[in-house]
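Shared chain: chain A. Partners: chain B in the first complex, chain C in the second.
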Partner chain A sequence: MSEPFEPKIVAFVCTYCTYAGADLAGTSRLKYAPNVRIVRLPCTGRISPMFILKALQKGADSVLVSGCHPGDCHFTSGNYHARRRWTVFRALLSFTGIPEERIRFSWISAAEGAKFAELINEITDDTRKLGPFTQYQELQKVIETQSSY
Partner chain B sequence: MALFAPVPETLSTQGFRMAKIGVFVCHCGENIASKVDTGNLVKALSDHPGVEICNEYKYFCSDPGQETVKRAIRENNLTGVVVAACSPRMHETTFRKACAEAGLNPYMLELANIREQCSWVHSDKDQATEKAIEITRSLVEKVKRNNELKPISVPVTRRALVIGGGIAGIQAALDIAGAGREVILVEREPSIGGHMSQLSETFPTLDCSQCILTPRMVEAIQHPNITVLTYSEVEEVDGYIGNFKVKVRKKARYVDMSKCTGCGDCIQKCPVKKIPSEFECGLGNRTAIYTPFAQAVPNVPVIDKNRCTYFKNGKCKICQKTCQIENCIDFEMQDTFEEFEIGAIVVATGFQIQDTSVYGEYGYGKYKDVITGLHFERLASASGPTAGKILRPSDGKEPETVVFIQCAGSRDPSKGVKYCSKICCMYTAKHAMLFAHKHHDGNSKIFYMDIRAAGKGYDEFTRRAIEEDEAEYLRGRVSKVFEENGKLIVRGVDTLLGKPVEVAADMVVLATAIVPQPDAKEFAKKIGIGYDEYGFYNEAHLKLRPVETATAGIYLCGACQSPKDIPDSVAQASATAAKVLGLFSREQLEREPVVAAVGEATCAGCWGCVSACPYNAIEQKEIRDRNGNLVKEVASVNPGLCQGCGTCVTFCRSNSIDLAGFTEKQIFAEVMAL
Partner chain C sequence: MGIQEQYRSEAAALLSSGEVKLVIGFGAGSTADRRRPLFARTPEEAQKFVLDAACIANLSTYLLAEGLLSDGKKVGVFLKPDGIRSVNILISEAQLKPEQVVILGYAIENGKDVAALEGRNISDFSIGEKIRNLTPPPHVIEAAEKIEAMSAEERFEYWKEEFSKCIKCYACRQVCPMCYCRRCIVDVNQPQWVSTSSHTLGNFEWNLVRAFHLAGRCASCGACDRACPVNIPLRLVNYRMGKEVRSAFDYVAGENSDQKPVLASFKQDDPETFIL
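Up next, the complex of A and B:
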């Protein structure tokens, strides 16, 4: 490869805390790595593990899931459901063939623009070290070539 | 280099050949255009399948900008719009309105956030442009799958519930009732009035607290639109904005409210006389049948079941024999429950003072003459146990020197609370003034950290305490209070002189911290509002929505939200009334249609969603055939209760629930286009 590896990161965030935190990073003009793409959802409770798998399959090298801090969820308890779901999902990761460090889970409030910027930089650097995540994409290619539809 | 692969042709066109999407790229002056090559963005999106028209403009949020969008919708019969501009938190409403005005369903719009989350945070123009293209493209894919949604209309019950009958609750109730709406005012104590009824005189005007409060209490109970329920507690709150169902427990008073004349004969004759009065903070006594204070509203006594001789031994009933009204005192009375339909709830549950016995070094609880500020209020009150004379609780003598210790709990992360209790600087200055006015030869010395006297007339007030009433302020903390030769020795430090000091005092008054009610957190959970690390209730936005909670239809006022003085509590109470009346000005309420819906064909009735829903919005629904036989039971979402978090969607094992506005189809399309 002639060009240096630029990781692709997909972030699934809730609209009330982390999305607002990312907006705050913007209004504060904090600079961070441009490798992240944000998918806005009402609440982390809405985030299905299937979204994460789909993102990895479609070319993401890392996935971030981020919502309101425990106790601060706009919807009272959606983030607790997300946390429980993550605990179970993490236990299944080795089975799915995804290294755990490809997925990050964090709490970022609407006031933590700086934390958002730092986290994105950190994930970008870490992912750059990990290298591209190709296993799933290759698998996808195999499926696509073999299936008739 | 492309970070993300372009969308395969098959995906974006399959089933969406009719999509006619308009993409509008905003420059936001230079804010976006300086970091994103908008020309490239327009070019990339113009070629994207399904995009009918793609324009750029300096300010799409301006009137001519919006006109451009509207004209494009009309002329091209657009089926969806993506505005690549600022955050949807900024201008989503603006463009939804524009869409609606042009005849397009307002929910067929998405905002691609290429300002806050792109141009403002990245410095490399190529990378930012590429990111902007991908963000916009993925939202084009989403908007193709958007459904036309209609705002949900719910009826509004124009009756308010006010929880807490202190000054904040009374003010909110009076304001709402004054505008012609019904109010249910619930207070758990036997009388309304709250902490304000315990106070002597109030800063910064030194008018007597009861003299200004009791007319308000009487006005509240006599108001035709207000139902005052004292000695009652809110048991259950169900429902949602405009449509709450509230169950109130009316505790057994053992005195018939409708018959009692308030003559007080029963109180006079009650043989159990030595019960420390809660209202007097233990400085005075009350009987087993009692009203908390002389001006209680309603002036109807209650029987303290745990102290009453009859309830303990089965004998006595002297009060009943004394009472001249037949069947007024009824020992068989039970708690009763009443349900109310409520449109809006005002929470005004107030505060308590911190238990100062955690400060062993101050000797509270060990020395009778170490008291709290609230004790001092009762001593200084004309209706108090000493009839307004400031006397030592230990021997009833007039104190010569009184030491006040400020921040006895506040601003102390180690033992007390981190925050400033806000009112103590002012009431301590007031105490020193009252002491000087009542006892001309007395000395008052005040240990303080800072004097925080921000407020109308407040700084002048503390200056008056120092300059006219000779209160001596010592800047520093107290390390120990101990007894020596009948005096309380207060040992501390004067940090301005840099010297240790010892003061021989006759009485020590602690400015204790204001903390939430002991059951504040449980109550918050019961009614479904948030609270902070201490248990003070959370407002929706500290600056811009200070009296609303995150739960629509529930409002906050008074010290349950944070420590507050009377002027602030009253102002906040009136603000909640304005919010409630704004809500009540409409018969129907429109809300965002972002709610979940169940596919009944596939729902297996596992009720996983029921357990996941934070709002109890999912019910069980029976499906019957035309003969009335039960076919199956499925989940059913009440769109009035659903707040649209989507937790149930992810929980659903059979993929039967979806969330309008954030459907599985929409999100997968968005992810796949990234």
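Up next, the complex of A and C:
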């Protein structure tokens, strides 16, 4: 009997806002889906599109990228730069066949613990409906089973 | 006097006066319809230049050859409008000093006639308006629209098919004037971001990274398309990226040499409809 599908979600968050928001969700004893793996980074500007690709390849079913609201960046403009990058990267992923629903972007401040909890619940539910992200995972399996690689 | 003779003597004059140390142009290729880059350092060598409708390569790639411009001397180069556009991009990214490049401009009209372009310095070519109105060849637009009309699964299958052909020769990188990183991300092995063997997943990685790094920087010269030994339509991805940058940020790469690179700048009111 196979186990029911539990989505794996990787969240790349900035330490100053969204990570603090997640912290607030925790200290406020808010309950949210345990499917999320949080990766804390100094700033959304530090999030290379490679991170998102790697997460999807290595088994993530959805990816969340989240940081400070515009104007709130600890480094003044990291999130503005990130926003431009995401716009382009999102179009690229969509053009090459990754469903847009798999990658979410949000602004969550340190005060928005409730928003964080809600968003994680929402993404988990949506991903559960979408099912596992098999496209990259199957290609990954091919590599692992072929010794010539 | 035909344009070939005119440009031969101009290149020779530039070299003999000592204004430039080198002229990069085209010479005869291995077959009648192919041209190969020719690097002339003396007026005599300049007599070997060929200029006709087969001269389609974007020679601006060679301007960034390591050490070429580090002595501060000038270099002459034969460029079509797409080459001039790439020089604009390279200047805006601080890779070139405008005064070091002497441009022998030409345009290929109707695929057979070659016309001279006025001007020698990059500032002489006001190509901004033209680039804004420039459309890539109809087959590129058509193919890109066909892909956009597909469902996500079909798109994935399409690119899986295409990228599975990739042999990771990196010819697309070598030929591209915009791929000038001293250490390309695929050559980095700690951490190894992009797998070195040419399996489909790693090919996806490489081609996506390449496209992302060229977003808003592509001069759409089509060199990657021509260089690809397995005929992956690389240009389609670049075209789609250019379209996105234009619609989202009203940015067209290489319009002029003063623009700020699109992903290295921002506006506070950039669109963010997709952000929750």
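Some points to look at:
One rule holds in what follows: the second predicted complex is superposed on the first by the 138 of 149 C-alpha atoms of A that agree within 3 Å, B and C clash if a C-alpha of one lies under 4 Å from a C-alpha of the other, contacts with A are read in each partner's own complex, and residues count from 1 in each chain.
In the analysis below, contacts are C-beta pairs under 8 Å (C-beta built on N, C-alpha and C of every residue); 3 or more make two chains touch, one makes a residue touch a chain.
None of the values given here were measured: they were computed from a predicted structure.
Within the superposed three-chain model, A:S106 lies in touch with chain C and out of touch with chain B [touch as defined at top].
Using the contact criterion defined above for the overlaid structures, shared-chain residue A:S94 touches chain C, although it does not reach chain B. Of the two partner chains placed by the overlay, chain B and chain C both lie in contact with A:R85. In the superposition on chain A, A:F75 makes contact with chain B only, while chain C stays out of contact range.
Of the two partner chains, chain B is the only one that A:I47 touches; chain C does not reach it. Overlaid on A, the two complexes show chain B and chain C touching the same residues of chain A, namely 54, 71, 77, 81, 85.
Interface residues of chain A, counted against chain C in their complex, comprise 49-50, 53-54, 57, 70-71, 77, 80-81, 83-100, 104-107, 119, 135-136, 139-140, 142-143, 146, 149. Residues of chain C touching chain A in their complex: 147-148, 152-160, 185, 193, 195, 197, 199-202, 204-205, 208-209, 211-212, 215-216, 237, 240-241, 244-245, 248-249, 262-268, 270-272, 274-276. Within the complex, the chain A residues that touch chain B are 3, 6, 8, 10, 15, 19-20, 22-23, 25-27, 29-32, 34-35, 37-43, 45-48, 51, 54-55, 58-60, 71-72, 74-78, 81, 85, 117. Those residues of chain B that touch chain A in the complex are listed here as 1, 3-5, 87-89, 113, 115-118, 120-124, 127-128, 130-131, 134-135, 138, 528, 530, 550, 594, 612, 614-615, 643-647, 649-651, 659, 661-662, 664, 667-668, 670-672, 674.
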